[in-house]
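First the structure, then my questions, so here it is.
When the chains are written out, they are named A, B, C and D in that same order, and each has its own residue count from 1.
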Amino acid sequence: MLDDLRKEVCWANRRLPELDLVAWTSGNVCGRDPREPSLVVVKPSGVLFGDLRPEDMLVVDLDGRIVEGTLKPSVDTATALYVLREMPEIRSVIHTHSRYATAFAALGQAIQVYLTEHGDAFGIPIPCGRYAKIGGIEVGQEVVRVLREIKLQCPAVLMQNHGVFAVGANVRGALKAAAVVEDIARTVHLAMTVGKPIPIPPEEAARLYTVYHTKYGQKPGGGFE
Amino acid sequence: MLDDLRKEVCWANRRLPELDLVAWTSGNVCGRDPREPSLVVVKPSGVLFGDLRPEDMLVVDLDGRIVEGTLKPSVDTATALYVLREMPEIRSVIHTHSRYATAFAALGQAIQVYLTEHGDAFGIPIPCGRYAKIGGIEVGQEVVRVLREIKLQCPAVLMQNHGVFAVGANVRGALKAAAVVEDIARTVHLAMTVGKPIPIPPEEAARLYTVYHTKYGQKPGGGFE
Amino acid sequence: MLDDLRKEVCWANRRLPELDLVAWTSGNVCGRDPREPSLVVVKPSGVLFGDLRPEDMLVVDLDGRIVEGTLKPSVDTATALYVLREMPEIRSVIHTHSRYATAFAALGQAIQVYLTEHGDAFGIPIPCGRYAKIGGIEVGQEVVRVLREIKLQCPAVLMQNHGVFAVGANVRGALKAAAVVEDIARTVHLAMTVGKPIPIPPEEAARLYTVYHTKYGQKPGGGFE
Amino acid sequence: MLDDLRKEVCWANRRLPELDLVAWTSGNVCGRDPREPSLVVVKPSGVLFGDLRPEDMLVVDLDGRIVEGTLKPSVDTATALYVLREMPEIRSVIHTHSRYATAFAALGQAIQVYLTEHGDAFGIPIPCGRYAKIGGIEVGQEVVRVLREIKLQCPAVLMQNHGVFAVGANVRGALKAAAVVEDIARTVHLAMTVGKPIPIPPEEAARLYTVYHTKYGQKPGGGFE
């Protein structure tokens, strides 16, 4: 069932440590079936990334009921499903504690636009959501509140004291968002430790975003991927 | 003799450089036989991790007498055995100089709870033991003193000017503790170099710990793994 | 068509992530045909480096018309072609957002000569060009202006808020420049975060450059490679 | 000729990038023949580490005359040979610009003993030599002056603005010194960027050194390896 999506979600989960976005078993990627949007492929809980195989992935419905699979789903599944229920245009949610981005989250700080790479990809600061209690729907609610506030232009939210939630119109798009957020966070962090980075004004950041999203890649248009 | 444990201990030792927790030949993992708790498999001294094979591991008793093996055991064996003698619930001890955690040890500082990852895993600060002379039983005594003081809730201790001692109910549990301590230390360090991270209050850290240890992974319950 | 150059450009693009100079799909290498200097091999836009094959490379002319290839060329092609049109001695242009160098770019700061490695390779500070709008010819103009100002002695320019443009008399020379700039930036950054590095006086930096470029490597003479 | 030593020197050179001690082609290892101490195996200049084969190594005499080999020897050969001529007990010299250690060199600072790892391995601060002009014998003279001053107890010297020179009684010993110096430099740097590391008093550092060098590894005694 959903064999292609299982493979894609498994591939993306295995990329997380290769992209240096996770440590040990923390972090996960899920993907929603484009044909049957109430079905979601999720990572099992507490399994080492290097051991993941497509057949270990679980299929769950939007309420978290297991449709296929024997392992226990990731503890972050409830948050991802909340986001997927509320925002149908999102088809993949990735959660990481990637270190540089999470350092900003520990400070409760959004990442301002200092880099053309940031302007190109997102056009606006990477927002930081308020502290939300893990265990219920609070994390999902805050992620959705922030994503709606910025009209989904930046497909990633830092959550205070917690980490990164990246989203996409597909698994690869969400993975790109997760990787680019960490790359931006790293470079901005490096700049801040030796001086005061020069901000890119909001109107120039917006212009970069428009140029990039009409010219970049092999397909036309579209910021949110 | 103890072939499975040899393989497991060898595997965990080889993971140390892959997880970027050690340099050159420093650092080591030992494991206690669950059936015969007076037997411990330890790493030989001064061998490069990439060259370690299961048959190079030594079997020693709790007093450090070599039961099987021809190489000299790791210089940290005496410390590990002291911990294993004093605390029967511990079945694996890992020692590293993993860099970010050891930086806090060089400052003589515990790592406060700034990250939900930290609250989830340990619920309390990662403690820092006092300076203890290497060569006798002083290091082991101080590790045990601190672990008892915190009732083994955080399965890792920083030792001032020295490094990390992580423990577990099995080899994989201790390896997870060693990896998670370094990951937390890295992110907290990054946050501290650009600002003042926001602490998670002790009662919320405790709540995170309880939620995580009842929901996470493929087996029910249990913080100390 | 241009099979050897395709292979060389593909190889150099694939080295970018291995040398930790890029994240995700950002960054690219192009190379000009030594026999037919109006032909340039460029990377396709938005393709993951690990997926690049020599046959995916495009051949374009100096005005950006596609001579061979079906994919869309890198968005940085216009900048590279501007540089190649204006400076015939350049046969390769590499663009990266390598993190340490880009951190200095975010500060709008040149990198002064604090290291003999820097004196050896370039003999002068690594310059930082002014902010230039992406999307037109402004980036190319500023890169050329700076490279002419320093008479091409340092084959790399930081561009404010943006990243690195490295050039070479061939693909390998440009790749070396891109790698060495990042290595210098890393070490200087590390020194600046704990103290005040001691500058190497300009005349000694110039002497180092002369000694190195008459003695180093397997071929005689020549700084710009 | 000297086939075993060629293999060993080639292996150690190839380890340099794997241990993250070098970038591009900078850095090199040489080794002196234990039977014929006037013969030294050196790395060719400007060859990428991944391309090095044992047969590419050169054999030179102590005055730098090529005894076997067709490539040009490393530019650092003169410095290494000066050290080998002056100090017969040294049989391997390694030069790197490893980043954390070189950051201290850029500050002209010795690395004080803050870590038991440092006390164990060296027992005294890692010294920093004065700026010496590259190209003649000045670098070799300063390295020898410092190594004699500390009676070779710490088998590595930082050279101001330049990098690390590590030495050993054999190739593996020098490689260990180069790796351990960088590891210590990294951890100390990390500690210094968030606070003030607690020094280990000289007498305790000396005690650690004595304990370690009588107990560690598979062979008895001996600090300088």
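To be clear about the criterion, a contact is a pair of C-beta atoms (placed from the backbone, for glycine too) under 8 Å apart; a residue touches a chain by one contact, two chains touch by 3 or more.
These numbers were taken from a predicted model, which means no experiment stands behind them.
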Worksheet item: Which other chains touch chain A while also touching chain C?
Response: none
Practice prompt. Could you give the separation in Å between the centres of chain A and chain B, each centre being the mean of its C-alpha atoms?
Written response: 31
Fill in: For chain A paired with chain D, centre-to-centre distance based on mean C-alpha positions, whole Å
44
Discussion item. Give me the residue numbers in chain C that touch at least two other chains, ranges are fine.
Written reply: 193
Worksheet item: What is the shape of the graph in which nodes denote protein chains and edges denote touching chain pairs (line, ring, star, complete, other)?
Response: ring
Response to the item:
In their shared complex, chain B is touched by residues of chain A numbered 23-26, 44-47, 71-72, 75, 97, 99-100, 102-104, 106-109, 131, 133-135, 160-163, 189, 192-193
Worksheet entry | Touching residues on chain C, where the partner in the complex is chain D | 19, 114-117, 120, 176, 179-180, 182-183, 186-188, 190-191, 193-198, 200, 204, 207-208, 211-212, 215-218
